[in-house]
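These are the structures in question, set out in turn.
Shared chain: chain A. Partners: chain B in the first complex, chain C in the second.
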Partner chain A sequence: MTAYFIRRFLLIVPTFLGITILIFVITRFVPGGPIERIIAQAQQQALEGGGTAVSETVQRQPLSDDQIDLLKKYYGFDKPVLVSYVTWLGKLVRGDLGISTRYYDPVWEMIRERIPISLYFGLLTLIATYGVCIPLGIAKAIRHKSAFDDASSVLVFVGYAIPGWVAGILMILVFSSHWELFPLGELVGENFETMSLWEKALDLAWHSMLPLMAYLIGAFSFMTFLMKNTLMDNLAADYVRTAMAKGLTFRRAVFGHALRNSLIPIATTFGNNISVILSGSFLVEKVFNIDGMGLLGYESVVERDYPVVMGVLAISSMLFLVGNILSDMCVAAVDPRVKFE
Partner chain B sequence: MTDGYPILAVNHLVAAFDTEAGRVRAVNDVSFSLEAGTILGLVGESGCGKSVTALSIMRLLPRPTGIIESGSIRLNDTDLVKLAPDQMQRIRGRRIGMIFQEPMTALNPVHRIGRQLVEVFALHRPDVDAGQRVQEAVALLSHVGIPEARARMDEYPHQISGGMRQRVMIAMALAGKPDVLIADEPTTALDVTIQAQILELILDLQKETGMAVLFITHALGVIAQICQDVAVMYAGQIVESAPVTALFKDPRHPYTQGLLTSMPRLSSENKSTLPIIQGTVPSLSQLPPGCLGPLFFTGTLGVPIGDGSEKRKAASCGKPKDGFSHPRRCAAKKGGAGACGGRCFANCGTR
Partner chain C sequence: MSISSLTIKKLKRFHAIKRGYYAFVLLVAMILASLGAELLVSNRALIVHYQDNWYFPTYGDIIPGKAFGLDYDYETNYRDLADQFQSQNAGSWVLMPPVPYSPFENDLRPDILPPEPPSTQRRHYLGTDTSGRDVLARLVYGFRIAILFSLGLLMATYAVGISIGCAMGYYGGWFDILLQRIIEIWSTVPFLYVVIIISSIAVPNFWWLIAIMVIFGWMGVTWTIRTVTYKEKERDYVLAAKALGASDLRIIFRHILPNTVSIIVTYIPFSISGGIVALTSLDYLGFGLPPPTPSWGELLQQAWANFSAWWIGFSVIAAMVVTLVAVTFVGEAVREAFDPKMHTVYE
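Right after this comes the complex of A and B.
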């Protein structure tokens, strides 16, 4: 099995190479880019500076061909596609993600600044999802068709029907704007720097509450029902009856026998969740004005900040690849029947 | 343990399932008794209520749909129907062991065989320390005919064959040294050679331990091979029960006759059509109340063909002939005609 996983890790190399080609091709050939953005900015400036009698200059392209060539050279668009791809890939492998065309900051620095924020929410969401969904799923399976089961199903389905960011807006409206129980957004309060450690922790928790709920609400229903349904399948399985026939209590039959079998499908989703940890949800981040990876990726796409787009995509696809292998490892750990050769 | 006294007595057991179409009685007024040190065969076709009877005895009917409506199940002097769940737990595995039909799914796929077996010792023999439990488990595995028992302990169920798994199941059922073993079609899922081995094993173990066995099967051949007594079930009721030799020599109920006629025999003519019981078992939710007799006698249900059809004519409802006056021999042998609750076919005309 070790050999299998070594092979899987080696296979990341060609897969990742394919992904980089895709990323590069997409960012290079879709219309719009840093040059177009600069042209638009120049138009904007001309419009503001020239007042009313500038329609002619605005219609025309404000930058000369020389200027554009200079820009192309600056951004590396003057070289053939293959050459610039290889250059980019060479830098990527060395950990150099290039420079943002918008902020002129190194992309890696920008991403690194946001990793702790995304990681914080990602880990909290992961822990909360598993921490809530698994026990809730178990309770629902055991008390199938009870009032508790029905009521929680309604709640979970409503949560499923509402996207996380919509729920976020609703929560801001109700809890922050109307009742003023929670802050409107941001990760920490204004005078965070001056607080004591305890106050900092409290402040962070207070600010994290609503975004965390918004993150949870989507992941919630899927995991809860996955847990409930697989556990119910397993409770009806012959081996649980065998366990009961041996004289085990229902409780011990559930926790000692059925539960581990029910965790197998949950384990398959684990790796994907790992990769979601870092990427987060840009919509939720946007709603709560949290400066994480998701928001960075989203804004860089809107602003055609391609080095950042490419950097974020490269990192998240890498995480996804590793996450998939982690999923398989989890499955192999839980299910002895799984043998990877 | 002396033979002859009823160790397990089921009286007027009614087990039902709540379905969307209403309540269905899968076991309808079933009475039989299992005598200590004997093997009672419970035979019938799929869906006739054999397994539901067994699960009722274990109080393992699927919750919450399956319920025991009425009747009693007495293990010695204890009525299992009235026991609290925690008391019932101490009966399961300790006083009554059970083997299931499907060895492929009856063992937990993610636990090692040793762990599943040692669990029974831990439950019912708490005085024995952990090392001793493992030793006993290994000894028991070799006893049920598993080679290299020590190595098997560390294997998972998917790593051993179906026959071996059934042996593990038997070892698990016997680990608590039960007085009664319920074997619910233990050989159905196995091939013929392994079937014979497993039957022999059960028979040997029964002789050795003196436990009573309720052997559920749909194979009359198996019944003839190992049982002392037999009860034939049809549509949730026991239609005939008798000592095994008497039943095979002189089947009295038309259904039993049909079953026996349908068995291929070495003496039957080559390539002739095998007699069959025609029709299918009626849906339990559409069963008429009371006696099933009229169904047989008027031919709405299983009608034995061949020589059975002549007997059917002779036994048309309301004119019971000799052999059919009381086809349902009562489980309570000395109880006489009255003990069967007046549901006999003799009464079908006047029901």
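Right after this comes the complex of A and C.
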């Protein structure tokens, strides 16, 4: 089994290279990159500065060829795609993600600033999801086909059907705009700096309430039904019938026998949580104006800030790939029957 | 094609699941209504009776105002025409659709700035959006585009997914291993991310957007079909067919594929809701179909930017909830009917 996991870890390398090359090549051929933006800015300045007296050539091309070559060199656009990809990769290996072409900040700094925010929501969502879904799934499995089961199924389905960010817009409309119970977005209030510790905590909780709900709405359904269905499969298994037949109470048969085996599929998804924690949905973050990793990645795509695009992608795909392997390790750890060869 | 008794049994089981069945009826009704949306929501009249002539302007070329004795050559404004005929009281009349506005028409008035709240008197039943277009009209046509987009995407994705998936599962070997790696890379690429990058180069049209989304979204179906084919291939009936001398193509199309249909069917409703959500998300971000295409995502963007115009947000979210919940209920019922799990219940 150790050999299997070593092989899996080694396979990360080609997959990671594949993903990053793909995106790198795409970003290279998308027009509107940093050089085009600087040309546009220069045009703007020339127009504003010179008024109507600007000559035709300046309007069309404000920078000389030398200047453009210099810019290309600065952004590494003067070399062929693969050469500059290898340069990027070499820097990445040394822990250097490059410098944002929009803010001229180091990319790693920008990402590091966002990590706590995404981590905060990721962890809260994670805890709330497991905390609600496991008990709810158990209750639904035990009372299968009861009124409680049907009613909660409808609720969970409705939550599954609506994307979290749409629910977020609805909640803002109802709770923030109409009833003014919650803020309209952002993570903390305006005078957060001047508050006492207790007020800060309250303010943060008040601001996090709606985004957290938006995150949770989508996460509930999958886990709840996974829990319910596996527990029901196990309840139908012979060993539970045997346990009941030898005189155990239903409660002890469920919690002592069936439940333990039903947690295995839940464990299979556990490893992927490390990427959930850091990625965050950019749609939810956009709706609530939360400056997390998702929004950073989204804005960098929109603004053609390629070093940031590549940096966010490198980190999130690495987490995803490692997460997949961790999931398999969790399965192997909880279920002795599973053998990976 | 004959329907096997097994399929009839499945369809009966689906019919017996009331929640899913009624959701299905509702959805079909909504789709049919949206296909004939011009008869319900349009600024063209259904029937015009003018000087003993009958006109049906809904479909076909525009009828210039001159045809009705008006003094202009562009398309007739039927709402004004209706008012005019009524005041003339000369036996001419106009029958307008229930919602007399087109989704592209800016109904601007000198005294009110859009967005305008709902008003039955103005026949803007759900109000107007920020540029004075009727919200209900945009909702209806937006639904039509979203559902057609979703169905088109579904067919394209499944065509690609089933072909590649079947080949992977059936032939196996290096072909399978190579494609497995490609799928792993491809599915790690953040989907919306790439679509945004690509659609920011050139504003995509309907078919382009479907093509882009198929290129980056074929992996899920492929993987499922691969697994199913892989399992089916090992069954005795395939071996028997092979022993009888059936060709690979015959085995795949006549024997294996029919056995995978019941599994494919259970994924379809979820693909449809996925397609609608993906299009709406892209439109919301401004990377979907180009304006002024009526779209739910664009309305959501307006709702998000104008909280005071609550009618925009509530209408579009209500429409989304009804549609997506109905699709999900259908999906759950289909899954239960086609892939039933019988459970033991302890008393």
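FYI, the second predicted complex is superposed on the first by the 302 of 341 C-alpha atoms of A that agree within 3 Å, B and C clash if a C-alpha of one lies under 4 Å from a C-alpha of the other, contacts with A are read in each partner's own complex, and residues count from 1 in each chain.
By our rule, a residue touches a chain if its C-beta (ideal position, glycine included) is under 8 Å from a C-beta of that chain, and two chains touch if they have at least 3 such contacts.
Predicted, not measured: the structure shown is a model, and the values here were computed from it.
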Which superposed partner A:D335 touches (first chain B, second chain C, both, neither): first
Which superposed partner A:A236 touches (first chain B, second chain C, both, neither): both
If touched residues of chain A are counted for chain B and for chain C, the larger one: C
Partner chain(s) touched by A:I23 [first = chain B, second = chain C, both, neither]: second
Touching partner for A:N261 - first (chain B), second (chain C), both, neither: first
Which superposed partner A:T15 touches (first chain B, second chain C, both, neither): second
Which superposed partner A:A245 touches (first chain B, second chain C, both, neither): first
Partner chain in contact with A:I172 - chain B first, chain C second, else both or neither: second
Common interface positions of chain A, toward chain B and toward chain C: 145, 236, 241, 244, 250
Chain A partner contacts - residues on chain B that touch it in the complex: 58, 60, 62, 64, 85-86, 89-94, 97-98, 100, 102, 105-111, 119-120, 123-124, 156, 158, 169, 172-173, 176
Residues of chain C that touch chain A when the two form their complex: 19, 181, 184-185, 188-190, 193-194, 196-198, 200-201, 273, 277, 280-281, 284-285, 300, 303-304, 307-308, 310, 313-314, 317, 320-321, 324-325, 327-329, 332, 341, 343-346
Complex interface listing, chain A residues touching chain C: 14-15, 18-19, 22-23, 26-27, 30-32, 144-145, 154, 157-158, 160-163, 165-166, 169-170, 172-173, 176-178, 184, 229, 232-233, 235-236, 241, 244, 250, 283, 286-287, 297-298, 301-302, 313, 316-317, 320-321
Chain B-facing residues of chain A, complex: 145, 236-239, 241-250, 256-257, 260-261, 264, 334-337
